[in-house]
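The two complexes that follow have subunit A in common; it is paired with subunit B in the first and with subunit C in the second.
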Partner chain A sequence: MWYVLQRVGYAVLVIFLASLVTFAALRVAPGDAITSMLNPTTTPPDVIAQYRQSLGLDLPLWEQYLMYARGLLTGDFGISLTDRQPVMDIVLNGAVATITLALAAFIVAFGIGVPAGVLAALHRDSLFDRIVRGIGSFFNSVPNFVLALILVLVFAVQLRWLPVSGIGSWKNVILPTLVLAADPCALTMRVTRTSVIEQANADFTRTLRARGIPGGRVNWVHVLRNSLNSVVSLGAVQIRTLLGYTLIVEVIFRWPGLGSQLVQSILNRDYPVASALALLLAVVVVIASALGDLALRWVDPRIRVSSGGSA
Partner chain B sequence: MTIAPAQAPVRVEGLHLIRHGASGPEDLVTDLSFDLPRGSALALVGESGSGKSLSALAIMGLLPQGVQVAGGTVSLFGQDSSRLSKRDWRRLRGTRLAMIFQDPMTSLDPCFKVGAQIVETILAHEDISRADARARAIELLEQVQIPDPQARLHAYPHELSGGLRQRVMIAAALALRPEILIADEPTTALDVTTQAAIVSLVDDLRRDLDLGVLWITHDLGVVSQLADRVAVLYAGEMVECATKDEIFAAPRHPYTVGLIDSARVREPGIPFGLIKGSVPEPGAWPTGCRFAPRCPIAQDACATHPLASAGEEHMTRCHFPGKAVLQ
Partner chain C sequence: MSGTSSPALRGPRRRLMPRYLGVSVLLWAVLAIFAILAIIGWAVLLVPSLSSLWTDQSLRSTFLPPFSDGFPLGTDNLGRNFAWRLIAGIGVSVFVGALVAVISVTLGLALGIFAGYFGRAADAGTNVVIDVTWAFPEILLAIVLAGVLGPGLEAVILALSLTGWAAFARIVRGEVLSLRERDYVAASRVLGYGKVRISVRHLLPNLIPITLVMTVYFMAVAIVAEAGLSFLGLGAQPPTPSLGGILSQGRDYLNSSWWPVVLAGLALSLMVLTLNYVSDGLRDHLDPRVGGRR
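Up next, the complex of A and B:
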């Protein structure tokens, strides 16, 4: 219980710091919203001043932050500077699209990566192992925007099986999911394989065989259970990586998620939207790593003791 | 197939183990022979690299990858073990033939409770209910003198001390009333008082269960407590084998003499009797007597490989048996 409280306190602190950073970063960047909304050379100075005032941009920075923080606590993220919609609505729409994509990619990455890694490890140096490793290092080394272009060219432009971009039917999900999942899947496969090989050679497997436990049970119960440790810690990291990748993949496939919105809002200097999005991504990362830690404690009984407290 | 009534449950005859090194096959163990009757305790003594652990793994059919039996036979309960199928092996291990290992921390699965690991062993061989297996596990933990066995059942290996973990290993090994227990340096990782307790526990169990115990060690102190016969291994071969009393009172091989000498408690001020040099690596064994380069009494004759003295209760592999004496 103490452990969970510690985790929550830590998460709150990180989110507070993130709110400071997201608030500051956009203010510090050169240029401001007014110059992107109105042409400063043709607009009369008093009109610009009026706009500044109505948006609170003339106040000192600390006052702007207090307004911002009060808004966060009451669920009010302000109004978008570009399309005048509540930021909350824009962000929620984006979150749904991004979570759909990230979750699909996560499932594909682990659903394929883990079993492939286990099988490759158990049949080490077999043909299957070599093929899996070859595909893995390919996906590992190809940048995902290149992979995206290749897949679009082959499946959308040439074969016309799948749409090039956009949102709508389940067919739209396939290509971005594959692009997003490729690298995490390769990494998961490799980590699983290494971990299973390591555990398969551990002393305890010999003890189990010496007791006449069937080989299948030794591998698929004991070795796999001990390998989960590194696979789960990897999973927590992967969530973060996936979020980073969605920024690129969403832009390429014009997927209306948080990534597209973040890029768009930064280009427009739409402070409220950009800082809400950045903050949201920070919150997701904090939650993901907390979940990862908890999952690790569940998987590895030794960690439960070393961090004190009962799970 | 008829089984000779006098045959010991484990009989090793002329065992020859090799591994494929960079420059062709290398000998790891050569011409190793011994019997292990029920109720007896044979200590296999030697420095690391002498091949004692590999010999034990060969008996269990658990040789590491790359190590092969190149000759000789291991007979288990009257059957040539090279003819056993995978299935036969699995049924034999844990039921009639059990083994415990050196490091009880790494030799138990860290992710499973100790009770579950014992229960799993029982259920792998017997068609009984989980509840019955649990009851048996508690009995076993009692038998190896673990206090509060009911609660320990739910402990993970890392929650127990080294001594308790080794007791759990022994309990799991004995779960199906084996006839033979192979112990590969089970006390090496433990502190001295715990060592003594484990040794006397195994000694009691040997008597109670009529176990044949093969105890692998480099510690002569353990040997004197437990074994009734001692086999000394050097560079992959047996150099001396006799009853414990004979070995300690009248060792015949200069290596055995050196081992006993270096383990003796000495008066302050008197230097330890050390054997000079170290055991040669497999592949680098001398063609003659393998101990000759380190032997204080080596002579020209030692350039030829000595044969084991045959047909005697006290076996020695030396051209000059009994010439080296304890000081």
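Up next, the complex of A and C:
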């Protein structure tokens, strides 16, 4: 219990510091939100000053941060500087689109990655294993935006089976999902494979086999269940990876999610939207990694949490 | 990890290619080709009299396919020689990748040793900074920083270096935690040597293998990230050719010309694939304990 409190407290601290980062980074930025809204050469200076005042941009930075933090805690994320919409609406609209895409990619990544990894491990060094590993390191190396462009070129431009970009029909979901899922799928496959190989050589497996339990049952019940721990703990890392990828993939496919909104808002210097979105993504990552740590401890008491782990 | 998988279970492995430092000679050759292309790219980018090679436009010869007269890889939407633009783009990628790798590895080493060997407060402080950095997906932090600093290669290099070190610092910290318990470190402490001296004399040399591996790995990551940021318009600005910029421009003309996207994508992927393989091979060769990823 003490550990849980500690872990949650730490997550809150990291989120607080992350909010300082997003706030500071986007306020210190050169170029002003006002200049992207009003034309500075034709607008009289007093009108500009009035706008600055009404948006609180003339206050000292720490006061701006307090305003910002109070807003965050009461669910008021401010108003977009470019289209005067509440940031909350933009976030909610974007979240639906992003979650749809991320969920689809998550299902594809694990749905293909886990069985392929298990099969590759059970038939180690077979042709299937080699093909799976080859495809895995291919998807691990081809940057997702390159993959996206190649898929668009083949399936949208040449074959005209699928739309180039946008939303509307189920066909629009296919390409972005595949692109988003490719690398996480390869990683899931590799981790599953390594973990299954480890468990398949473990003492308890040998004992089970020696006691005459059929190989299929040993592999698919005992080995798989013990291997899934490391696959599940991969989930938190995967969420971080997926969120990072949505930034580019959404832009390529003009998918109106959080990622493309964020990139757009940064290019427009729309501070409230940009900092809200960046912070939101960070909060999701922090929560996911805290949940991952807690789940791991709960699932597998052997684990001493040493907060290690790179992707 | 666990040493349970004995070599006998693996069966013999046939090697078609001789290896050097655990990496196939073929991969070293590909790497060398990219290095040469990058050097030519730097020459073309930096020597003013050569810049016409990749800037000359001709609206009469736009979208020429590869193998056209005088244009081995065709031309782009402004009729510029695509072969030279690709080579210059590779130059930009390799430059950014190498610089970012060196900076993030250096930062990671320094902060990792600091966290692992300079007491609890140093450890806790560094870990908080790492976790805050870690809370943002790299590309997000890079986008935010590039947004703050204004688009351009300097912003990209700074943004990627400031995000890349965290992962390595954590690895170094882990290594240091086990290294500092070794007898020779204890002996040096007894002899009265300071922490800085022990870090440089005893910790650093033991970290060289993992540092080499991660430098190559970070180079691959940085090259992809630079291309991604340039693709989004936050990296190298238009007259400067970069693989990301070529891809983003090529995207708008996919209907009329496929080769910029395919060739730039191929160059980028091949570069990253090679670097990943080299880093994997180096790791297996230099540090057989952690054969993890395979």
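Couple of notes before you dig in:
FYI, the second predicted complex is superposed on the first by the 296 of 311 C-alpha atoms of A that agree within 3 Å, B and C clash if a C-alpha of one lies under 4 Å from a C-alpha of the other, contacts with A are read in each partner's own complex, and residues count from 1 in each chain.
Criterion: contacts are C-beta pairs under 8 Å (C-beta built on N, C-alpha and C of every residue); 3 or more make two chains touch, one makes a residue touch a chain.
Remember, predicted model here, so these are calculated numbers, not experimental data.
After superposition onto subunit A, the partners subunit B and subunit C occupy separate space and fit alongside each other. By the document's definition of touching, neither partner reaches A:84: not subunit B, not subunit C. Look at A:225: by the touch rule set out above, it reaches subunit B but stays clear of subunit C. After overlaying the two complexes on the shared chain, residue contacts for A:202 are found with subunit B and with subunit C alike.
Within the superposed three-chain model, A:248 lies in touch with subunit C and out of touch with subunit B [touch as defined at top]. Our angle of interest has its tip at the CA centre of subunit A and reaches the CA centres of subunit B and subunit C; in the overlay it is 80°, to the nearest 10.
In the superposed model, more residues of subunit A are touched by C than by the other of subunit B and subunit C. Once chain A of one complex is fitted onto chain A of the other, the partner contacts of A:278 are limited to subunit C, with no touch recorded for subunit B. Applying the stated contact rule after C-alpha superposition, one finds that A:211 touches subunit B and leaves subunit C untouched.
After superposing both complexes on chain A, the closest C-alpha pair between subunit B and subunit C lies 5 Å apart. On subunit A, the patch touched by subunit B and the patch touched by subunit C overlap at residues 202. Listed in rising order, the residues of subunit A touching subunit C in the complex are 10, 13-15, 17-18, 21-22, 25-26, 28-31, 124-125, 137-138, 140-143, 145-146, 149-150, 152-153, 157, 190, 194, 197-198, 201-202, 240-241, 243-245, 247-248, 251-252, 262-263, 266-267, 269, 274, 278, 281-283, 285-286, 289, 306-308, 310-311. Against subunit A, the residues of subunit B that register as touching in their complex are 60, 62, 86, 90-95, 98-99, 101, 103, 106-112, 120-121, 124-125, 156, 158-159, 169, 172-173, 175. Residues 1-2, 4-5, 9-11, 127-128, 131-132, 134-140, 143-145, 147-148, 150, 167, 170-171, 174, 220, 224, 227-228, 231-234, 244, 247, 250-251, 254-255, 258, 261-262, 265, 268-269, 272-273, 276-277, 292-294 of subunit C touch subunit A in their complex. Residue ranges of subunit A in contact with subunit B, taken from their complex: 202-204, 206-215, 217, 222, 225-226, 299-302, 305.
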